[in-house]
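In what follows, subunit A forms one complex with subunit B and a second complex with subunit C.
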Partner chain A sequence: MNYPVWDIPFLGNGLIVAIIAIIHILISHLAIGGGAFLFVAELWSNRQSNGGKIREWLHDYATYFLVYTTVFGAVTGVGIWFAIQLANAEATSLLIHQFVFAWATEWVMFLAELTILYLYYYGWRKNSRSIQTFLAGAYFVISWFSLFIINGILTFMLTPGSWSLAKPDIFAGFFNPGFLPSLLIRSLFMFLLGGLFSLIIASRVSEDDFREKIINFSVKWVIPAAIFIPFLLLWYWSTLPENTVTLVKEGIRGIGGGRLEAITRYFWLAITSGVLIVIGTAIVAIRPKVVSIAGMIGLFMIAQFGVMGAEFFREMARKPYVIYDVLYSNSLWKQNSLNTDYMKTPYLEKAAWEPGIEPLSREHGEWLFRLQCASCHTRNGYRSIVSRTENWSGEFGYRWFLTMHESGVMPPFQGDDYDRAALSAYLVSLNGGFITADEILKKVEPEQSPADTLSLGEMSSGEKQP
Partner chain B sequence: MTDLAGIYLSIISYVNLPPADPLGYPVPAWILLNLSFLTLTWHLLAMNFTIGGAAILLFTLVRKNSDYRGIRHFFGSGLPLGVSYIITLGIPPLLFVQVLYGQLFYSSSILVGSFWIQVIPALIIAYSGFYYHKFKRQERPRWQWQIIVVSLILLLYIGYIYVNNLTLSMLPEKWLPIYSDNPAGGVLHHGEPTVIPRFLLFLSGAFAVAGMALIWRGTFLLRWGYQDEGRRSHSFGFKAFLLTPMIWLIAAGGIYGARPEDVAMMFAASNTTTTLLITGIISGLMAGIFAFVSLNKKKLIYPFVASWGIFGAMASMVIFRDLVRQTVLSPYFKISSIPVNAQWGMFAIFMVSLVIGLVLLIVLSVKVFPRMAEMARERFDGTI
Partner chain C sequence: MTYYSILPDAESRLHDHSKLFGKVSRYILRRYPVWPMIDHLANKVVPVHKHSVWYNIGGIALFFFSVQIITGVLLMIYYRPGLPWDSIQRIVMEVPFGNMIRSIHHWSANLMVFTLFVHMFSTFFMKAYRRPREFTWLVGAVLMGMTLIFGFSGYLLPWDDLSFFATRVGMSEIEKAPLIGMWLADIVRGGSDVTIDTIGRFYVLHVMVLPLLTLAAIGVHLFFIQVQGVSEPDSFASLPESRKRYRKYFTEFIFAEIPVWLFLGVLLVALSAAFPRELMPEADPFSSAPEGIKPEWYFLAQYQLLKFFPGKLEMVGLILLLLLPLGILVVPFIDRAIPANSRGRLVNRIGIIALLGLIVYTLWGWLS
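And now, the complex of A and B:
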């Protein structure tokens, strides 16, 4: 509403956020779990007769770890910022203004962990054993604190708890109901990734006995996640909003706009990936000889699919909000949605970013779509509006907009009858149909013509509201 | 300032500036501004080191002179770290600009969205290129200079997108026509004549910072007894340094040429702008003089003073830049109009963690650096 909508064809801004986030989440968790792995492996190597050989291998691990996490992890982390501000500036602004010093503190952790990682890696040949072990430990602890902080902000978006715009209590928002179960799940998941990454590096070792030794050490990192994550998921489930639980349980077969049975599919994708990782790791533990680079990369990629499922689930679980119960996905504030006068005001009077279009024209519908719908839907790509409205008639859309929020996944429509007619006509036209907004109005309300009820000049030149 | 504001008042009617965030500022604006000045200066130092270093590395790769072997190794190994700190030190200024000027910054970012998001893949490719060079330059010497060219061009491209976006964020009167023509954010060139000179201005420090890094290197090499390589590093570093004032003059001349009345009014309206310019020039001169004095000497104090000179010049430019932004935006946006809803508890946590974090890093660095230096010396002795 207050900001322009980045109307990116086919992909849609939401998918761009998702692509970057899915890549980043895997790497960022590895960046912490791998740190724990380095620390424990340092301690382990100190107690082994072939400790020097283990440390040589560990240097190999650290090289790939360093490049992978600093190049792809750090840049995609910044990439999420770039993408979310483009996809939903209003929500990003709220998060930044509320949590700026939490983020700034996380940056301190990031600066520290990165520098320590460099001191650890570049000092490899000369640092004493005790310094190396200390650096690895410090890296892990500090990077875990960065997870602690970002976890508070991420869970706030789905379960803001007692935080409200009227009473923006940062600690209530940060330590929200989802905070602890999410932190524990992420912590166990990162250990798992540290182990899976190690299996990839171990698969490069040619000497059988040594390779088996490393594999046996690595598979243990999956065990805590395999045992505890199912219970933690039940805890996490209990913190989810009622609407989300209902969506997953029943699936949504809303007419046209819903299709959020997808949330259930993504939920199962995450669960199935977890089960496959546990099975795959068990096979590796029993038969270490099966380990190959391709196989272990495959196992790691299953974790990537698991992240994809979990991330899409988390995003869909918030629907129709981007910050639950505070801000809708299309930047409509919940508090404004409760004001009937505000919601019924002709949309063009409120929309700051429409370029002065002709009311009831096709452009009227197009700009309504852009400013109210394009934050979630593309025309014919990701979350295609064309496929969702292919059987619509102009009158159907006109009526459906009034009740679309009842599905639990769509925000309420903003605007008056003319806006509904214009948007419906536009959506029908995207499917190759032809009906004007004027004709829709005549069909649904034959006794009332637009010209009788509205001065078109007033609509186009009305002053915008912030 | 009032006159300049008057010019912009005439165009206010076309501006649709989003309202400020309902939460307001989390601490008084002066704190946010100073944090942003400090961290942006750090970020620019890392950026200038990397871009200047990449240009010097490219020069040494193309020339293939064996005298440049040490310098090639220095930048070849150091550039991935440079990019890493560009990113890390770029986070807080990005954070604070969103708090201070969110409604401007978000709007302009969306208007150039399709370019703005390209920063991410461009940075990944550039960063990977530097790492590839670092790890594979001995093993696969072919195509190395071409890889550095690609990485350097991508970094410059990112810088150009940044300057373009941030310049556009100061010109809200241009937003609506741009958006209505390009709602996918597919437009970058918007006819603003100061974009190219501003871009050059931010790059002008590249050779000074990278040259200064070489002077530091030379000083340590002299202290360790490597006379030839130390002198070579000093000499090359100082020559590179001298490019900075030339680029700076071209950039400053370009800005004046593009908007002579606005520049004159900026100086007429406020003494602060003149003070900042003089401070910047004096700092720059101090840097240049002490960089020159450092040549062929072992004393650390000279490069130390020269480095502070660079920091001072850069910081003056950063503050000057913000003053220009506030002046240009004054008809329709004033920092003082944003309410403050203080979060002192969170601010205290941040400051304490910052102090502890910096102390920890300094202590650890003091412990580890001598060992790294030992490794560097062994490399020079040909033992590794």
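And now, the complex of A and C:
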């Protein structure tokens, strides 16, 4: 409520962040795994009789790798920063204030890895092989360290551990319970991506025996992930909040039994993707000579869908928080939610950017929707509020807001009775219904007609922050 | 009973006696003398050229059909034609992974129809229907028609508002067909309106009659392809033998295609995760139809076309619609009648007009 609202029709700001992030995460992990691949392949080529030929092929790999990771990686990376600060300025502010040095270090790392990658690529014909190997190794180590830092911040959002607003122990927040399993899973996944990307480049090789040799080398990069990620997932699972685990288990039984069955669907998408990548790679290992470029792009795209499943899961696992147990998705601090007086205060009195609307009007309800709901729901698109409230009556919504947080996936409602009536009337109107907030209040509490207790303009006259 | 003797050619190419695979192969071949068939399949090749990608589309359609069979059988465990909406609601809300399986069935059906359209047009543009493959084309066209009936019959089964009224609209179009329209509609519906009796008919059609017929047609289609081999486009056929490259169908071609199938499998899960199939309120025959009700996307072009023939002209539109499938069936025979010097260009133009017409009318129907 301290910031303006980024109200994106149909898609919603959360989905905008998700779309950019899903693309970026695949690229950023490949950017590290591909670095490891370049380094190991440099060493490997030194020991092969046809090392020169392998390095020529490696140059092909490096060309596609550089273009894909730097161009698309940079665009989506900046896109994430742009999107998250607009989508949830409160959470971004908290993360920056808590991890400012970590983030500054990460930016330095990012600059260093880009510089080294360009030195490596453009020094291909000029540098000695030992320098090239060193540069590839340095690129990998530095880029992995940037993952190390980002991983600490990302896992903090789901499992902040003993960190709290009252006692903001940055070390405890960074090395939180989910940090290590997540770091290991991501590390193995990026090796896997380095191998899958190599399979695409290798499928373009026309000489059968050489293609087979490169493919045999590339498929080995999937093996560590295939063996260890299942165990690491169990470890990661054990660090998840109890509410998240319950949500996933309940979601198996469709929309009736589950409160947020989408989390389960995305969880299974991630698991299915992982299993099918392993099967696909095994088939490639059995018949390395018959790979097709379409098939290899297909395998790589499975990884993209795997990221989609994992990222949606990670985002939904925090529900109803954006930083677990600290800050709700709609920028309500948990510590404030425990203060009854704060929660019952007319909501728009606390909204810094509210333009001064007429109480109980449709605009009143719309502003409440924007400030309390639009961080997760759109009116008629992604997570549509219209479809979720199509059978609502004004009175039902008015009452439901009082208990919606008990489902475990919604934040508590902020505001007084007039706010509840205004929002309920607005949601009913989105479905084509006609009831005013005033009528709702008369129906639920006829003895307390708002006309008796509230004068127009009263609600928006509270002090505002500049 | 005596065993069959193993042919010398087979004996020389089988694995050694001491190895498990060699033992199993001989065990089977002594009982079933199918070596010539195996030999034929083992030597089957696929031409490698710049249009090779279109050869994968038929396999992709078959992949989606396999998914339909598997998910369809799983849905049948809980589906009750006597309580259609309730049983689907149970699948969606109570059965573990029921909602996911149903959504995969829905998306796979749509992608199967889409893939078959692509397969049919790619076959058309590559002239793969020409002699001696006329009957492969005919069986393929019948398969396309059966798939559309699959979609129409399956659409009603949830018995929700949308499926009920869409089916009612579809049946009213059948009623208008000349001479037999009313009779046919009554037979299909089991009466003068869409009722629970219609569910029984559509259910039997969807889970029994059509799968058996489709499996048989797929078998014939594949048999023709195995016997005649894969067609070669003109640009490839005219190459000197030394420049022609082939790939073995079994193991090489199939193995190269499996990662694509795996990707499509994940695509189905992703679509089902992001856009699960909704279940509308239970059908109420006495209520008014939902606003803007339309048929599924693969019937939209026909639906839009019929709008150009209002009132008494509707019969003309229907006859035109009946002529379209007939036109598809006779493609190989018309093609042969066109003078050879203008055949390629003319056929391509007809194909492009048909494709553009399908796309434009479908989009038009969707947007209108």
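Assorted remarks:
Note that in this section the second predicted complex is superposed on the first by the 453 of 466 C-alpha atoms of A that agree within 3 Å, B and C clash if a C-alpha of one lies under 4 Å from a C-alpha of the other, contacts with A are read in each partner's own complex, and residues count from 1 in each chain.
Going forward, a residue touches a chain if its C-beta (ideal position, glycine included) is under 8 Å from a C-beta of that chain, and two chains touch if they have at least 3 such contacts.
Keep in mind it's a predicted model, so treat the numbers as computed, not measured.
Judged by the touch definition given at the top, the superposed model places A:Gly309 against subunit C, while subunit B stays out of reach. Look at A:Leu348: by the touch rule set out above, it reaches neither subunit B nor subunit C. Contacts of A:Leu188 after superposition: neither subunit B nor subunit C is touched.
In the superposed model, A:Leu38 makes contact with neither subunit B nor subunit C. Once the two complexes are overlaid on the shared chain, A:Leu58 sits clear of subunit B and of subunit C alike.
Number of subunit A residues touched is higher for B, counting subunit B against subunit C. Of the two partner chains placed by the overlay, neither subunit B nor subunit C lies in contact with A:Met157.
In the superposition on chain A, contact is made by A:Ile16 with subunit B only, not with subunit C. Contact with subunit B, but none with subunit C, is seen for A:Ala112 once the two complexes are overlaid on the shared chain. Contact residues on subunit A toward subunit C in their complex (touch as defined above): 252-257, 261-262, 265-266, 268-269, 272-273, 276, 279-280, 283-284, 286-287, 289-292, 294-296, 298-299, 301-302, 305-306, 308-309, 312. Touching subunit A in their complex are the following residues of subunit C: 53, 56, 89, 91-100, 247, 251-253, 255-260, 262-267, 269-270, 272-273, 276. Within the complex formed with subunit A, the subunit B residues making contact are 16, 18-19, 21-26, 35, 80-81, 84, 87-92, 94-96, 98-99, 102-103, 105-107, 109-111, 113-114, 116-117, 119-120, 123-124, 127-128, 131, 135, 175-177, 179-180, 183-185, 341, 343, 345-347, 349-350, 353-354, 357, 360-361, 364-365, 367-368, 371-372, 374-375, 384. Remark: subunit A residues 2-9, 13, 16, 20, 63, 67, 70-72, 74-76, 78-79, 81-83, 85-86, 89, 92-94, 96-98, 100-105, 107-112, 114-116, 118-119, 122-123, 125-127, 131, 135, 138, 165, 168, 170-171, 352-355, 370, 464, 466 touch subunit B in the complex.
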